[in-house]
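Read through the structures below before going on.
After this come two complexes, each holding chain A, first together with chain B and then together with chain C.
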Partner chain A sequence: MIQLLLVPAALLIALVFGIPLLRYSWLSFHADSVLTGLVAIPNHGANWLRLLHDQRFWQDTYQTARFATVSVSLELLLAIAIALLLDQRWRGRGVVRAISLLPWALPTTVMALGWRWIFNTPYGPIEQFTELIGLQPLNILSNPNITWLATVVGDVWKTTPFAALILLAGLQTIPNDLYEAFHLEGGHPRAALFQITLPLLQPYLLLSLLFRLAQAFGVFDLIQVMTGGGPAGSTESLALYAYLNAMRFLDFGYSATVMISGFLLLVIACLIAWLIIKQTSHWREALK
Partner chain B sequence: MIRQRNLWITLLLLWSLAPLLWQLYTSFCTHEALLQPLAEHNQRWTLDNYRQVLTANPPFWRYLLNSVIVGISSTGLTLLIAIPAAYSLSKVSQNVASAARLILLGAALFPYVLLFVALLELARSFNLGNNLLALSFPYAGLSMPLAVLLLLSAFRDLPSELEEAARLEGFDLWQRLRWVLIPLIGPATASTAILVFLFSWNEYPIALTWISRADLLTLPVAIARIAGSSVYSIPYGAYAAATVLGALPLLLLVLIFQRQIVSGLTQGAIKG
Partner chain C sequence: MNLVLQNVGRRFGRKWIVRHLDLEVGEGECLALLGPSGCGKSTTLRLIAGLDQPNEGSITIAGEDVTTVSPVDRRIGMVFQSYALFPHLTVFANLSLGLQVRGIAASERKQRVASVLALMQLEDLAERHPAELSGGQRQRVALARALLRDPLVYLLDEPMSNLDAQLREDLRPQLRHLILQGSQPVIYVTHDQHEAMAMAHRIAVMRDGKIEQIGTPQELYHNPLSLFVASFIGRPQINLLPAESGIIKAIRPEHLQLSSEGIPCRLVYREWLGTSQLLILESNRGRLRMLCASEITIPETIKLNWSPEKEHQFDASSGERC
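Here is the complex of A and B:
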């Protein structure tokens, strides 16, 4: 009887998560575009064959992986530092914590527009500064080699607070006695970071790593508003490519194929990250 | 030591606030002052950017109102479904509950952006496009995993004697939930509500594809549309005014509800 209370939630989750995934899997084996009059016709894996030879798909995969790796690594490093800072006791800590949360709470599109202005050439503050000290303009948003770094800055700014909070929660579960004992045995405070804090923080690091990796892999809002995928497609992410396939090229079959392969690549990325973390903890065991 | 810490605190504040303060500064600048910031100007400061944004058609507050409607209806729907579900999961056997939590965690981690094309198809087949309240369905569905996880851990923290006592008093299931259990999980409910509200307020890809009528756009989509509207001129003063107006409600929300937000996120981390 009580189990009946689960039904609405289960139905809604199935409708929002389950049906789309099934629908994509099915669509990825069908041609469904303007050419077929938006009617799904089985095409025996032609979408997947096309994907294998699609330069743009692999370019976007590379870009998404590069973006996710660099921004998630930076975020975690910064988040550890911020969490350690916020874990100490000092006056005004609550206010600072609230302020540092602000970037996370704002809609992504709002600050994506803000970043476009900050990185603007020649009127944004950064280019004004380079001009002031007599450098050539950087053309941040129109140079395909560096634009993606600007999107990394936007992402790190927005999502670090979230990771910092998760890690802060982890820090607060570590009993103070451990540090006192370490201190009494003559351990250096800095060594405590590597021998107590980080090892005990590992589950929280893993959780924020997985969560952030998944979100960074699906990056969409930031890229679409900040660069539109440009210049020269250099910042286009897989999610944006799937979006363009569906909404601009009206090719739903291929869009579904891109979505599903994005999901598969994410699973692989998570496995790799998990293996690396497991390996490093083995090394740490071995070093002890 | 303390001086070093103050340095880090200053850096953290700068990093968090500088991009926002730059928007604030930009929003009050005249066009000429933006193009030549270092030159002398007769008039450097102006309210024109705000006037422009607030008198546009539709005016900017319309988008704020739309986002409030979507946020409140999604939060209400989520809690309505998630509270009974979490209660029910706190009563089932350990194995079932563990399996359910694993599924919920996986769904909560899932990058939902990948779902929006199929969700758009659902909207088309049920004729849910251009309807603010209809957005609550995907939003409630996408927030459901996190909401159930948070509320489940709150229900499990309650001592079982409480409910037992209420049962002996002759309370039926509905009365026990209404008068005993739901008041006791108030803090967790508040945390969940604010997180769901923030998600619905900020959500972009689904709102972008489900809503096309200009007067129904939610704030994130309206902002993005402003961004896409004129590529060649530089109306950044007006952009900045729009971002400041869009950021203000959230600034208030974060300052008022920071404790709930923090405990929601951290509970999710510790117990999820």
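Here is the complex of A and C:
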């Protein structure tokens, strides 16, 4: 009956997660806006039908998936490198460990504002530099083709420390004996990365991948502060679109529909990530 | 094939962990490094393996100076105290990984691993992961991995310490047979004197980073060169009797005899050990331990004596034999 011990945690999750989810699912099948006098009236899936033909929704879905995939991939690659570096013994490591957490400790709105100024045309340091070397202004935050990359930079800078911290904890669970045994077997230190470190780090990679995917798919504050979803809606995320529907257009029914579809998208993304990792471990198994 | 350590020293900061270490282990010889924890025996092993570098001295394996050679290229067959099996790999993959990184072809790998699995009676476990093995099975896998290394030297770091007492006794002959059928020198680190005596041709007793005495188990037992060795080797512990002019006399419990003349003693405690019994006796020269046949009935007060050739004498201040 040890499962009984999970009841308090399960109740808490039901309270803060399950109930809102159910409430929003219910709301997504209702019209609830200024037009209905903010009263929920069943509309038999009209919201979902509207969603299917909503170009802005599909553009935002594409943008959210693109943003999440690119920034989470970059973050994990960087985090592996940083974690490996911080796991080595060297002078001043403690200080660097502490400093490397700073971006993560900073409130997102503050650092998003910082990035907005950095990317500002013409006064930000980047544009100052392009001007200095005689190039045309890049117009980073007003060019729909590249602005989303600026938001990726902001996100990577902010959340890489979090992933690095999880991976560092994972690295420290690997006994040093294993590396020594591997060396005595004739394996070079570089080969140990692929034969020992990464396979044993896999659960931690999966953990930080799922954490980060969940956060990146729900990205809101970074986008809201840095670009407001622009230019031309090119950086608008699903969460931002749901927010706008509710708070600007006062259409709560449709906002709930967008929110739930974003949630479903995240579930699918996590499943895909999980399957890929499972698949690769099968490959490794087969290679032996 | 042999292993030679000359004047090897290793320090951390200003503290010497081992110093002035001279050792020579011959072909097919098993040498035990025996000593209390912190005596430097594990450091010595790591220096030989190349996992740590000495600050002075040289290490020669099979006639070649390997002092600065990386552990990757040293051809050492090591069994770790933790066994250090790769948890994400099956037994088979654990064994073939080393062959793989050394560039041995897949077909040969398969064949060599299979033959070692058969030798170690591990065939049925080939597809299991280390977590699914018992302590004894893990030890066999670790040993199989060392055998497959085709090493110039075997290094065993407390290979039995994670096993229960019964299993340890069962495995000793097997381990000895397997390791010693080759011509490689074997270094066996342990803090258990019984194990050292059972496994090794010679024992080096270490203390505070130095070798206190090196010799066959018989030499150490019959002719200890210092008070430390005399006390460390042999159980129950040797009796120490302070004598006149700064001399300490040492007599093993099994060499004390009942007699009509000698030190008067009073029996305080008796432990029955099966074939023998251990007596704790109080005398005017301190507490004495005596080991004698278990049939003998011991009265409350007795007199003890010993033959002079069984007596060891040590200098009280230096601890050296005199």
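Please note the rule applied: the second predicted complex is superposed on the first by the 272 of 288 C-alpha atoms of A that agree within 3 Å, B and C clash if a C-alpha of one lies under 4 Å from a C-alpha of the other, contacts with A are read in each partner's own complex, and residues count from 1 in each chain.
Note that in this section contacts are C-beta pairs under 8 Å (C-beta built on N, C-alpha and C of every residue); 3 or more make two chains touch, one makes a residue touch a chain.
None of these values were measured; they are calculated from a predicted model.
Asker: First (chain B), second (chain C), both or neither: which does A:P199 touch?
Answerer: Touch status of A:P199: second partner only.
Asker: Kindly classify A:F252 by the partners it touches after superposition: chain B alone (first), chain C alone (second), both, or neither?
Answerer: A:F252: touches chain B, not chain C.
Asker: Hey, is it chain B or chain C that touches more of chain A?
Answerer: B
Asker: Based on the superposed arrangement, let me know which partner A:L106 touches: chain B (first), chain C (second), both, or neither?
Answerer: A:L106 sits against chain B, while chain C stays out of touch.
Asker: Where does A:P175 make contact in the superposed view: on chain B (first), on chain C (second), on both, or on neither?
Answerer: second
Asker: I'd like to know which partner A:W115 touches here: chain B for first, chain C for second, both or neither.
Answerer: A:W115 sits against chain B, while chain C stays out of touch.
Asker: Let me test your reading of the model: by the given contact rule, A:I82 touches which partner, first (chain B), second (chain C), both or neither?
Answerer: first
Asker: For A:Y123, decide between first (touching chain B), second (touching chain C), both and neither.
Answerer: first
Asker: Classify the contacts of A:P8 with the two partner chains as first (chain B alone), second (chain C alone), both, or neither.
Answerer: First partner only, chain B.
Asker: Please identify the positions on chain A that touch both chain B and chain C, taking each partner from its own complex.
Answerer: Of chain A, no residue contacts chain B in one complex and chain C in the other.
Asker: In the complex formed with chain A, which residues of chain B make contact?
Answerer: The touching residues are 5, 8-9, 12-13, 15-17, 19-20, 22-23, 26, 34-35, 37-38, 81-82, 84-85, 87-89, 91-92, 104, 107, 109-122, 137-138, 140-142, 144-145, 148, 173, 198, 201-202, 204-205, 209, 219-221, 223-224, 226-228, 234, 236, 239-240, 242-243, 246-247, 250-251, 253-255, 258, 261-262, 265-266, 269-270, 272.
Asker: Can you list the residues on chain C that touch chain A in the complex?
Answerer: Chain C reaches chain A through residues 49-51, 70-74, 76-78, 80, 82, 84-90, 92-93, 96-98, 101-102, 145, 149.
Asker: Residues of chain A touching chain C in their complex?
Answerer: Per the stated touch rule, the residues are 175, 177-178, 180-188, 191, 195-196, 199-200, 202, 288.
Asker: If you look only at chain A, which of its residues touch chain B in the complex?
Answerer: Listed in rising order, the residues are 2-6, 8-10, 12-13, 15-17, 19-21, 23-24, 81-82, 85, 88, 90, 94, 96-103, 105-118, 120, 123, 125, 128, 132, 157, 161-162, 165-166, 168-170, 172-173, 204, 207-208, 210-211, 214-215, 217-221, 224-225, 228, 239, 242-243, 246-247, 252, 255-256, 259, 262-263, 266.
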